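Letters are used for the chains, namely A, B, C, D and E, taken in the order the chains are written, and counting of residues starts over at 1 for each.
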Amino acid sequence: MIDYNPKNWWKFIFYFHKADTFIKLMPAMLGLAAYTAIFVYVENNILHYVPIKNPLTIHSLVGFVLSLLLVFRTNTAYDRWWEGRRLWGNFTNNSRNFALKLATFLPEKHPAKETLKILIGNYLHAVKEHLRGKAHISSLTFTENYNEEYYKGFKHLPNRICQAIYTEIHQLHQAGLINAEQLLVLNNELSSFTDNLGACERIKNTPIPVSYNIFIKKIIFIYVFTMPITAVLEYKFWSIPIVTLVFYAFAGIEIMAEEIEEPFGTDANDLGLDNMVKNIKGNLAEIL
Amino acid sequence: MIDYNPKNWWKFIFYFHKADTFIKLMPAMLGLAAYTAIFVYVENNILHYVPIKNPLTIHSLVGFVLSLLLVFRTNTAYDRWWEGRRLWGNFTNNSRNFALKLATFLPEKHPAKETLKILIGNYLHAVKEHLRGKAHISSLTFTENYNEEYYKGFKHLPNRICQAIYTEIHQLHQAGLINAEQLLVLNNELSSFTDNLGACERIKNTPIPVSYNIFIKKIIFIYVFTMPITAVLEYKFWSIPIVTLVFYAFAGIEIMAEEIEEPFGTDANDLGLDNMVKNIKGNLAEIL
Amino acid sequence: MIDYNPKNWWKFIFYFHKADTFIKLMPAMLGLAAYTAIFVYVENNILHYVPIKNPLTIHSLVGFVLSLLLVFRTNTAYDRWWEGRRLWGNFTNNSRNFALKLATFLPEKHPAKETLKILIGNYLHAVKEHLRGKAHISSLTFTENYNEEYYKGFKHLPNRICQAIYTEIHQLHQAGLINAEQLLVLNNELSSFTDNLGACERIKNTPIPVSYNIFIKKIIFIYVFTMPITAVLEYKFWSIPIVTLVFYAFAGIEIMAEEIEEPFGTDANDLGLDNMVKNIKGNLAEIL
Amino acid sequence: MIDYNPKNWWKFIFYFHKADTFIKLMPAMLGLAAYTAIFVYVENNILHYVPIKNPLTIHSLVGFVLSLLLVFRTNTAYDRWWEGRRLWGNFTNNSRNFALKLATFLPEKHPAKETLKILIGNYLHAVKEHLRGKAHISSLTFTENYNEEYYKGFKHLPNRICQAIYTEIHQLHQAGLINAEQLLVLNNELSSFTDNLGACERIKNTPIPVSYNIFIKKIIFIYVFTMPITAVLEYKFWSIPIVTLVFYAFAGIEIMAEEIEEPFGTDANDLGLDNMVKNIKGNLAEIL
Amino acid sequence: MIDYNPKNWWKFIFYFHKADTFIKLMPAMLGLAAYTAIFVYVENNILHYVPIKNPLTIHSLVGFVLSLLLVFRTNTAYDRWWEGRRLWGNFTNNSRNFALKLATFLPEKHPAKETLKILIGNYLHAVKEHLRGKAHISSLTFTENYNEEYYKGFKHLPNRICQAIYTEIHQLHQAGLINAEQLLVLNNELSSFTDNLGACERIKNTPIPVSYNIFIKKIIFIYVFTMPITAVLEYKFWSIPIVTLVFYAFAGIEIMAEEIEEPFGTDANDLGLDNMVKNIKGNLAEIL
């Protein structure tokens, strides 16, 4: 995630960094400009054929439908991105509350505190890696009881770490260090870890229905490539920047939606998971 | 559900697979093209009658209302689809949490673990089948206590399996293996199974009010079939692709909404329930 | 509620049943057609007066605002309809969970099971009648303790039945058949009955603010009745179908919103409460 | 709140009661009509100056942005109104559930029932008065323990009454009349009273950001007062009704949003709090 | 936050205070007016070049997409602002409920009441400062146990204060002053403090994805700076106010969204946190 000051207009207008939609669309825009230029040249110098009088009426009509679809696309993509952020915010909150409760319930310097601090850190790290592809045992911190042996052979690593946390709490409960009401008090955070993970997996594994993706791209394509046919008459060589910019406006919105709809990666618009995991670990170290 | 890379533009623009809205609408589009062609021919070669000067003003006006209705339709259909996904995500989360808690609460190798693993697996399988029509006893895995006899004669199979889970937990509670606070801790997941099932049934059994369905289809029909009357004057034979593409844009959105509003089937846009049930069973096997 | 196949286009385009908006608007549409016809006749044959050159610009502008208001209207009406459905889905879920828990907690063939099955059935029946006007004692099933005497004189019948359920559970609790943790486990469903009822009453008793209703109807009226003034010039006798269809599009959306915003009645678009109560009773009979 | 039948078209079109937006805007509409009339007269009879050819293009463009802003305004205002209604629905539900539980837990005719009935009635009454300005001690019903002395000097009266309810429940708990699980069962409703009150205060004390209010009013003003400049050319004296009606459409939406965004007052569109408090008291009297 | 009467039209139309978007945009508007003036002068007196006939068609098309994007921007910014308000409403509710419960559970004049009153006050003050940059130990109120020493060296001050609250409650629990069910009853509010803080941090640290910010600003820039090219032909010197006002409409919406999307600062549109903290402290003083 890029940290930025949203009020800086000039920077955003004239600065083009690598994550910018403008840069990403540049090749397509150049191709489209060339295509339109050829079109204009042929029409103006060779054909002189006038197919339609009121050129952009149809594009106006379809442009309206397309815009509304793109708004739908943007809203759903943004909801996914923001829900992803909310879920990681929940991870932060749960970790803090869990740590605060453990810190209070357990006697000072009890070894379970250290173990649970490591396990929660492992859990969040593994969830992050899991969402980015595959979590590896080698990147975990081992403790005496929860060592390489404990994790080996398990495909779903976050679940296994969660099981370690449950086991640890259960043992404290059985040893009488956590009483009945304290177990109930800890249960919300415990269940919430798995719920959050499941919700993240849902966002990652379920793109919007493929029909919409196909449909929007087809309509943008037809829209932009038929535009010179009708624009050439009225705008002549001005058609080149016009068609290019209309393409920028429509395709840009689609491109941005693609970028944010799966927010757990490492792109410029993705959530800063590395940083968040680091912050949570810092919080845990202060509390426990 | 089709797994795909949403960033692949060219594939989506030029590849037409069987689930594509374009293919589905092809027959109607061809018919409409023929209808428009006849219209254009009659008008240009026989009638030469000019009814209206500013041809598409009215279609522009009504097109706006229609677009907004289609956006409403798309939003509600998508909300149903996404809620369906969310509910199955909850099934995943509940199963995992339930399994993690049982794994911790019960002594290792306790036979109830195996029984409950089978029952939860049965439950999810039966829910899936129930949502797709009728769940059959024959596809369940039986245990000693919960055998064919136990399920026979019950119309609502998922409820019956849920009752088996409740009974099993109750017996563990009475045997003192699950204490008071642990029963409370397990209750959320238990209630949630039935709540999720009810919500899925709600989505399945309640299409959007029939008036909207009739209304949108009538308006699209009137809109498209009156279009040649006004378009023919200005666009002549170009009316054929224009009317066809406008139809594609409007009817396509309605068709896609129809596809996703009932997400528990086996169409290309439906949720991958088979896969999800398989994944959950895999998770349960690792945990319990 | 009408059960239908949303994918059947031809049926919806050409079939006009009694709940169809088209039929409902028919008288108004015929009146409007006559009004426009007179207008066109007077203008073309008597007045020959040309007030405005670009006729529909203003209607285009106001049509936009009106469309957005109608979308707002549709969204709020649909939200109420869907929330009503969701609340009755909750009734289903609560009844099932409540029955599943009772079935497990109480010894087999305990008479309280039968009593509670009757009370829940009574409750849902009374809620349904209450939402449709007035619930009558005579339609309830009486038990030994909760007989006509028990209900007589109470204005809010569902509350009284709920009190019977609470009393029954309390007696089981005091008799030691339901222990502390089981009481807690039952509490969610118990509270939820009253919460759902309250939410249904909210939807029933609170139509959207009267200003919006007045405003939308006034604007549609002004819009449609001034349309012939400007349309007659350009479209002549074609104005008649045009004005009628524009009216159909706008008034249809308002009419449909009116139909679904209070979803507990017995209209074609209302929720199938009779069926739902019957289904829940069937579920209860299977479980308890 | 005005109770009305939303399906009565003719009444709403031709009946103008005092809460009607039309009546409220009448003076401004008359002023605007006069302003436009002068404008038209000067232009047609004195100036004959033609500034712009395609008159309403710019107003069309800006009208679109303005419409979308007004939709945003309407949605947020309606959400506040509906949330206010929902919160008072929660007050109803909580009071009922609380009363049902107390009626069951406490022995018949126990004096605490009467006390708590009075306290809840006091609470809702005080909340209502608090939201409408200032709650006065004199309008409360006193009991032996919670008399004028008890309330005197407290600025936030609802909080003080809530404290009385908490104290009463605590004493019943300490006297052994309410056991541990029953206290937990009552806790949701108790906390919910304060949560609902806080949410109502939030709606009352937080209007939408002042910038939006300023911006929308400025844009409507500029929009309407520049309209005659461009409309006069094409529509001449017809400009007078046109400008007036466009103003009615835009300003009406803003006026209605202003009316409903703070729903706890005593205007025609505000919620019927007096009635709701009376109903809840009736329910309490039946149950306790 | 500015407290204002939303129904005062004239004030908002003619009064320009420092927080007004109009004042903020004034320099840019003047610059743009000068730019357009030069453009008009050159075109009318020197070039006399006519590039395009139907000047604003393209701006109309792109203006539509831009408007929808700005609505998306406004909705997301407002949701953040309103969620921020809701979270601080939760802080109010939690503090009140927490105080009401403590006041009832603990014996009168128990010293822990005073300590917890100070700690909650400290917590809310620290959260506020934390959201505005950095919370300083020096602004806290110290007690005997929770003095400067206790807080020193901790980076995340609110977490540390929360730990003090947890410790205090734990000690009361261990001393038998708070029993098991009372601990459970207090747990919701305790967890909620941290959850609210985490949600506020989420809003503060996560601006909308940078792509949207860049994209909207680029499109507004291109839109406004190309407008004179096409407007000059038809509107001549009238282009100056027209372009300026269109810029005001578009840029104003973006500016307002920027103002409210991070609502914890001290700008005119930000939430009145200082006031809220003061009010909560007043409530606590009355209750405890």
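List of remarks:
To be clear about the criterion, contacts are C-beta pairs under 8 Å (C-beta built on N, C-alpha and C of every residue); 3 or more make two chains touch, one makes a residue touch a chain.
Keep in mind the model is a prediction, meaning the values are calculated, not measured.
Shared contact partners of subunit A and subunit D are E.
The angle of the rotation carrying subunit C onto subunit E, fitted on C-alpha atoms and rounded to the nearest 5, is 145°. Annotation: 23 Å between the Cα-based centres of subunit A and subunit B.
Taking each chain's centre as the mean of its C-alpha atoms, subunit A lies 37 Å from subunit C.
Shared interface positions of subunit C, defined as residues touching 2 or more other chains, are 60, 64, 68, 71, 180-181, 184. Traversing the ring of chains that begins at subunit D and proceeds first to subunit E, the chains occur in the order D, E, A, B, C. Interface residues of subunit B, counted against subunit C in their complex, comprise 51-54, 57-58, 60-62, 64-66, 68-69, 71-72, 76, 154-156, 159-160, 162-163, 166-167, 169-170, 180-181, 183-184, 187, 191, 194-195, 197-199, 201-202, 206-215, 217-219, 221-222, 258, 261. Interface of subunit D with subunit C (complex): residues 1-2, 4, 6-7, 9, 12-13, 19-22, 56, 59-60, 63-64, 67-68, 70-71, 74-75, 78, 81-82, 85-86, 89-90, 92-93, 96-97, 100-101, 103-105, 179-182, 184-185, 188-189, 234-235, 238, 242, 245-246, 249-250, 252-253, 256, 259-260, 268-269, 271, 282-283, 286-287.
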